[in-house]
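Next up, some structures in structure tokens.
Each of the next two complexes has chain A plus one more chain, namely chain B in the first and chain C in the second.
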Partner chain A sequence: MSAASQDTAVSTGRVTRAFLYLVLLLFALFYLLPLYVMGINSVKPLAEITGGNMMALPSTWTLDPWRSAWSTAQIGVEPTGLKPYFLNSILMVVPAVVISTIVGALNGYVLTKWRFRGDTWVFGLMLFSCFIPFQIVLIPMAVVLGKLGLAGSVSGLVLVHVVYGIGFTTLYFRNYYASFPTELVRAAMIDGAGFFRIFWRILLPVSGPIAVVSVIWQFTNIWNDFLFGVSFGGTSQPMTVALNNLVQSSTGVKEYNVHFAGAILAALPTLIVYIVAGRYFVRGLMAGSVKG
Partner chain B sequence: MGFLDIRNVTKSYGSVQVLHRVDVAVEEGEFLVLVGPSGCGKSTLLNMIAGLEVITGGEIAIKGRVINGVHPSKRNIAMVFQSYALYPNMTVGQNMTFGLEMHGVPKPERDVALARVAKLLQIDHLLDRKPGQLSGGQRQRVAMGRALVRNPDVFLFDEPLSNLDAKLRVDMRTEIKKLHQTLKTTIVYVTHDQIEAMTLSTRIAVMNKGHVQQLGTPKEIYDTPANVFVATFMGSPAMNIVPATVVMAGGVPHAAVADADGAVRHLRFSQANLGAWAGMPILLGIRPEAMTDPEGADRKSGNIVAFPNRVGVTEPAGSDTFVTMQLCGKDIVARMRADAEVAPGQVFDFAVNMEKAVAFDPATEERIAP
Partner chain C sequence: MATDADFRTRLQDWLPRLVLAPSFAVTLLFVYGFILFTIVLSFTGSKMLPRFTWVGFENYEKLFALPAWNTAITNIAIFASLYIVICTVIGLMLAIFLDQKIRGEGMLRPIYLYPMALSFIVTGTAWKWFLDPGIGLQNIMRQWGWESFSFTWIKDSDMAIYTIVLAAVWQTSGFVMAMFLAGLRGIDNEILKAAQIDGASNWQLYRRIVIPLLRPAFLSAFVILSHLAIKSYDLVVALTGGGPGRATEMPATFMYSYTFTRNQMGIGASSAVIMLMTIAAIMVPYLYAELKEKKA
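The block that comes next holds the complex of A and B.
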């Protein structure tokens, strides 16, 4: 009797499970469809796209669109490809991410372990900066950059992104360090470690998960930013602006295969960051939230 | 002047004063325990000695040097924290030598010190492990080892045993006492557990609401508590305190008390000075072990008073049997030998050791005798 009901349970379990996987598979396929279209059309000659089906596999495989997008395509008025802009983006993203993460970690450290009068206000104001839309600060930012002589340079963009990112990185690190036992800091103080030594030797080694969260967040945001890039990039515009100039070009033939290849190139770095560090991302986001 | 001097120290947070003029002189090699209920200011005082909290008023000196403004690392103290505060990313060995490293001690010397302490605490086999891989008792040892390695003037312990389970706590207590006996170091130890205070200390400071209620040896604290708070806080089960009246009989003061059935009985005091309180109400304090069966009574005592009373509840605890009964309308506890034949409801002949009785002023709750 009980054995029989057990069997029914197993078989119904299998049916629902199969159904579940089918549905999930369909969702996944649907979700991957745009990537498929981009990938497949970036390795087709242009004639096959204009004359044929977007979904069909290429009859002639070619990497020419990729080469063109990378090094010869017309960006604005120069036939440079995306290469120099990719470099600009790297030169902008790496320092901006590193600086904003380090400053955020230091802020979090001070706001939780070296508390001072009014520290909650300072933190509140920094949090507030997370809610300011980009558009509002465009003009003041332009004035500041102009006065500093950084307008139209990569360093200017780094500054802009660091300033904008500090609110978020401080929030992450403050909440992470809030659950870090203060007794450890006190023990290190008695042991004779100073402000930076405690940070470097005691806190940083256990900050891995939240550092990953901060890096992913900052990398994605800064890499994908268009507005600041187009406003303050000047001659050293980032990848996003170049991609726009490539795709939105109103002269000549629309080279869809080159556009697809360029778009994938622009998305690739963030994709890699997610694949490499993704599992730490969830772990870091969860950390502290459970323990409170 | 002592080895560690706490002179007139006060602590305030804004307008709230949490410590009122604490004055303690600790001699070299002494084991001072600060004990009291939570919020009594004992940890605050310890943190001020460590330099983790600012001293609002008064001064603290170690070896005659005032350390009020001195950085914690330069006071030559070591502290063992309640949570052990082991650095999670470092091995046990690195944890223990971190302080020496920060003080610029070269590696060979650090290794010698580490080996010495690891051997003393029997943790040599754990040196390459991370704190996360250790049990509670092992972490406790490592935390003590980290303090010992530095060879400081004063050791500070902040409730070091409260995170351990009951059995381990008793073992570690003995261990700490043994360590103190071998090393003869000066220790200030904070706890809320009165048994830890009694067993470990050479002197106890009982604190309540930011005041030191009494400072003395464990025996002084136990036998002659300064006031009702100290009397009831120290000792388990707590001292029985009942309202009584002093009456004179044959020129000797007696305590007039009402037994469980309401009959008034006289218990002869040993303390003649209570004659001054004749006819006046007092609070009579009797420890549970001073009220027992006649066979279990202290033979050395010169004043055992027979006191028949009706038994309320008996609680056999294995080593002793506790009897609860009514005295002057209050529940009191007597501690009998384990095999004492006593049944609930029966009238039993208790033997009260009045030499150990303590009398308090009912108005101020201060001790008036002995």
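The block that comes next holds the complex of A and C.
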């Protein structure tokens, strides 16, 4: 994104510009609408939703729905709230993100700086794994996790997310390292530096931008995963599965305000990551894709 | 001494491959081995657990005779085509509009993009209740005085599929916008200025020059969107649960329910194989072209 191409050569008239702003604003409202609906209805008593207007601000503000969603709401059969599932998600996400990012960095390093015959094939085979519909691996994965004694455990979910995440992390690091001058690596080799030393001293210090991309991508995908969680979560279900159980529960009154508070709780970690580091994500992605 | 140094060089030679080996082995086993396993299962009479009794193409014949599968196929065709087209149109439009030196672009971009950070379960929950006739949009409009306003798509077997399109477009169109915007910012302005000197109107400029130059962005958008569409499981579960009745059944929900709740593992496996083949038909040529290009 060079500075010169920032301004476009196209000039627009007054009426056109007013129209552009109108359309852009309407879409902004469209994208914000669900967030607004979730937000204000999570701080309303239930009666104001069922008997009132969803778009209206609360006449009585309350944090009870949040308390209920966090610690007392009925999830499945237990009135535990979402808290234990939130912890499950954290215990699952952190190791899975760290492991898959480290493995991806090493793979990308090998695939660009220590090339060997057939490396494109190896990479191609790993890359395709990013795009398979996971339905194709659900049954054998259930069998294997059962055999390993990892079915229904957080460790099992970590394993699954690492296995199906390394394709993406390898892709990111490979594309990024490809634009790093190989001559520097060669020079270090001649000076007698070994495989790991070159990685540690030369490539790792410049890997910040792509590590951010890898971490954000993996964090978002793994936190938001539902399919693996519902299939293999057992008693250690992640947040998304618990939220779905809360919302779809067919017993008792539908506590919409609690559902909305729960939905925001489930969205909060990825939203925070996005707000804090979203800029670096786009920037790092571009740095990596300039030269593939 | 000599042998020691020799050993060290040999180790250095093999180290890179040793580092890559575990990932490659894991990929071979957990991706390609598993695919093979599921393909084999799809030719067996497995019910609740995998059983290796060969039944030939029976599962596939049964699958395509099932009304639920035909609903799923029809739905994915409607959903995927509308989803891809609408996301592309909105994404391209917003990107072009935002590229006109818009004041507040820095504010608008994150607003368009944030839905991508959310889980489909969250998106589904929000839209499920917003579209619910009892408390959502219909009720809101009536309260605001439009007494005859009616919007019951989510409860209507014929229309429910379009609510999934709506929620999915809401979630990803901003992301498509970002892809097009990156493409637009990469276009050399000199080309546009030259065309303007030749007397091209704005409309011609975009239709004849800019949009053709965005070809790579179109292709990436298509690949990513079709991939997301076929995988769509969570959104359907959260928004409609496959209902009303089975009206919004999709291949992903079909596979899950036949395999894990209806104990028809053979049929479930065959539906997964069909899903994989559909995706492979789109992905393999794309990846092949990408990798070949980069090699050269």
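A few comments on the model shown:
Methods note: the second predicted complex is superposed on the first by the 264 of 292 C-alpha atoms of A that agree within 3 Å, B and C clash if a C-alpha of one lies under 4 Å from a C-alpha of the other, contacts with A are read in each partner's own complex, and residues count from 1 in each chain.
Please note the rule applied: contacts are C-beta pairs under 8 Å (C-beta built on N, C-alpha and C of every residue); 3 or more make two chains touch, one makes a residue touch a chain.
Keep in mind that this is a model prediction, so the values were computed, not measured.
Clash-free side-by-side placement of chain B and chain C is the outcome of superposition onto chain A. Remark: in the superposition on chain A the angle formed at chain A by the CA centres of chain B and chain C amounts to 90 degrees, rounded in steps of 10.
Using the contact criterion defined above for the overlaid structures, shared-chain residue A:181 touches chain B, although it does not reach chain C. Once chain A of one complex is fitted onto chain A of the other, the partner contacts of A:53 are limited to chain C, with no touch recorded for chain B. Set against each other, chain B and chain C differ in how many residues of chain A they touch, and the higher count belongs to C. After overlaying the two complexes on the shared chain, residue contacts for A:200 are found with neither chain B nor chain C. Legend: residue contacts after superposition of the two complexes on their common chain; A:190 is shown touching chain B, with no touch to chain C. Between chain B and chain C, the shortest distance over C-alpha atoms in the superposed arrangement works out to 6 Å. Looking at the complex, you find that chain A touches chain B at residues 181, 183-184, 186-193, 197, 201-202, 205-206. On chain A, the positions that touch chain C within their shared complex are 1, 4-12, 17, 20-21, 23-24, 27-28, 30-35, 37-38, 41, 49-50, 52-55, 103, 106-107, 110-111, 114, 116, 120, 122-129, 131-141, 143-144, 163-164, 166-167, 170, 194-196, 220, 223-224, 226-227, 231, 240, 243-244, 247-248, 256, 259-260, 262-264, 266-267, 270-271, 273-275, 278, 282, 286, 292. Chain C meets chain A in the complex at residues 12, 15-17, 19-20, 22-24, 26-28, 30-35, 37-38, 41, 50, 90, 93-94, 97-102, 108, 110-115, 117-123, 125-130, 134-136, 139-140, 143-144, 170, 174, 178, 182, 184-189, 192-193, 196, 202, 205-206, 227, 230-231, 233-234, 237-238, 241, 251-252, 255-256, 259-260, 265, 268-269, 271-273, 275-276, 279, 283-284, 287-288, 290-291, 294-295.
On the chain B side of its complex with chain A, the touching residues are 50-52, 71-74, 77-79, 81-83, 85-89, 98-99, 102-103, 146.
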